[in-house]
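Each chain carries a letter (A, B and C) given by its place in the written order, and its residues are counted from 1.
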Amino acid sequence: MKSHTKHLTFKVSERMDFINITSQVEEELRHSGIKEGLCLVNAMHITASVFINDDEPGLHRDYKRWLEELAPFDPSPDRYHHNRTGEDNADAHHKRQIMGREVVVAVTRGKLDFGPWEQIFYGEFDGRRQKRVMVKIIGE
Amino acid sequence: MKSHTKHLTFKVSERMDFINITSQVEEELRHSGIKEGLCLVNAMHITASVFINDDEPGLHRDYKRWLEELAPFDPSPDRYHHNRTGEDNADAHHKRQIMGREVVVAVTRGKLDFGPWEQIFYGEFDGRRQKRVMVKIIGE
Amino acid sequence: MKSHTKHLTFKVSERMDFINITSQVEEELRHSGIKEGLCLVNAMHITASVFINDDEPGLHRDYKRWLEELAPFDPSPDRYHHNRTGEDNADAHHKRQIMGREVVVAVTRGKLDFGPWEQIFYGEFDGRRQKRVMVKIIGE
């Protein structure tokens, strides 16, 4: 069994945004030399997500509005107890649960074995600082 | 390390419905000959889910109503920007994020290592056309 | 390829609560002797979750209130069809979908390869009885 490990680094200039990281994951897969196996991609921070969906700006706008409705940004200590710790990012911890921490992708014949529209995104909910994404590939 | 790859195909006659695919995944596990490892099952389309929960029709009815409340079907371009592209399925992209893209199941002594009520479902949110589900099993 | 399998058992005294199980998973990783691979941790029951987030009591309080808003406990047969089966835990099946069933964690140099604040939680939504969590580690 082979394995390959890479921490990607991102600094998103907005508080909330989605970055297509598919080509960076594909590059790590090429470096790994792995032909058959599994590829884990996860946010290493708990106010961010990795998810698979469509690379369509209108949909991303919809997601942002929807997440804001489900878990509004509110730095006050009234809505979120978490913000009594001096943090202002309780909403981001909630948004991340909706969008998920990680994806696991099949590797077949040296490629990410994707359906027609699957793309991997880094979802940032508390940006403007450096954050990391794990890529771990195991197989043969 | 062994690996086994299979794309299952489904055409769901309703727009939204849940199909128990546990026995099809178990069949692939038997074909694989793998005794210890991990089994990834994921939707290959971004308006569908694979999830694990109860095979109880009342619960599935509850899920459908709840998902419709959280992300209502609305083909107009007003609620969802995504539907300005000519699509009418923005709601399905949202529902899929709640229910998830994939499950990873432990394989132990040649079986899916499940708790008492765990069953694998394909969740369709934009049906009436052919879609695929990935089964990838790695191990020994 | 090596593999290691362990079912952890929990009995949570509240109906809904979150238990930090990171050290128990780390102990299984030490027992496995695996240095590079993947570690799956999943709830074996369908009214419970395993998720990764912050070990901060205020945030956990926020999650509980939020989940109660998204899917309120209501044992009556009116709100949830599932509760017409004699069960009272339909809300728990919904809460588990928001918080997720499982996490997959990279294993690097014999450690869970975590970001600075990642901690693994068992999320119980229908407690006061014995339940199990799967830890499955594969690698070398």
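Rule of thumb we're sticking to: a contact is a pair of C-beta atoms (placed from the backbone, for glycine too) under 8 Å apart; a residue touches a chain by one contact, two chains touch by 3 or more.
Keep in mind the model is a prediction, meaning the values are calculated, not measured.
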item	value
Chain contact topology (line, ring, star, complete or other)	complete
Rotation in the CA alignment of chain B with chain C, degrees, nearest 5	120
Self-contact between copies chain A and chain B, residue sets same or different by half	different
Averaged-CA centre spacing for the pair chain B and chain A, given as whole angstrom	20
Residue numbers of chain A (touch at least two other chains)	1, 38, 70, 98, 100, 104, 138
Residues on chain C engaged by chain A in the complex (per definition of touch)	1, 36-38, 51-54, 56-59, 61-63, 66, 70, 98-100, 103-106, 108, 113-118, 138-140
List of chain C residues in touch with chain B within their complex	1, 3, 5, 38, 40, 42-46, 70-71, 80-85, 90, 93-94, 96-98, 100-102, 104, 132, 134, 136, 138
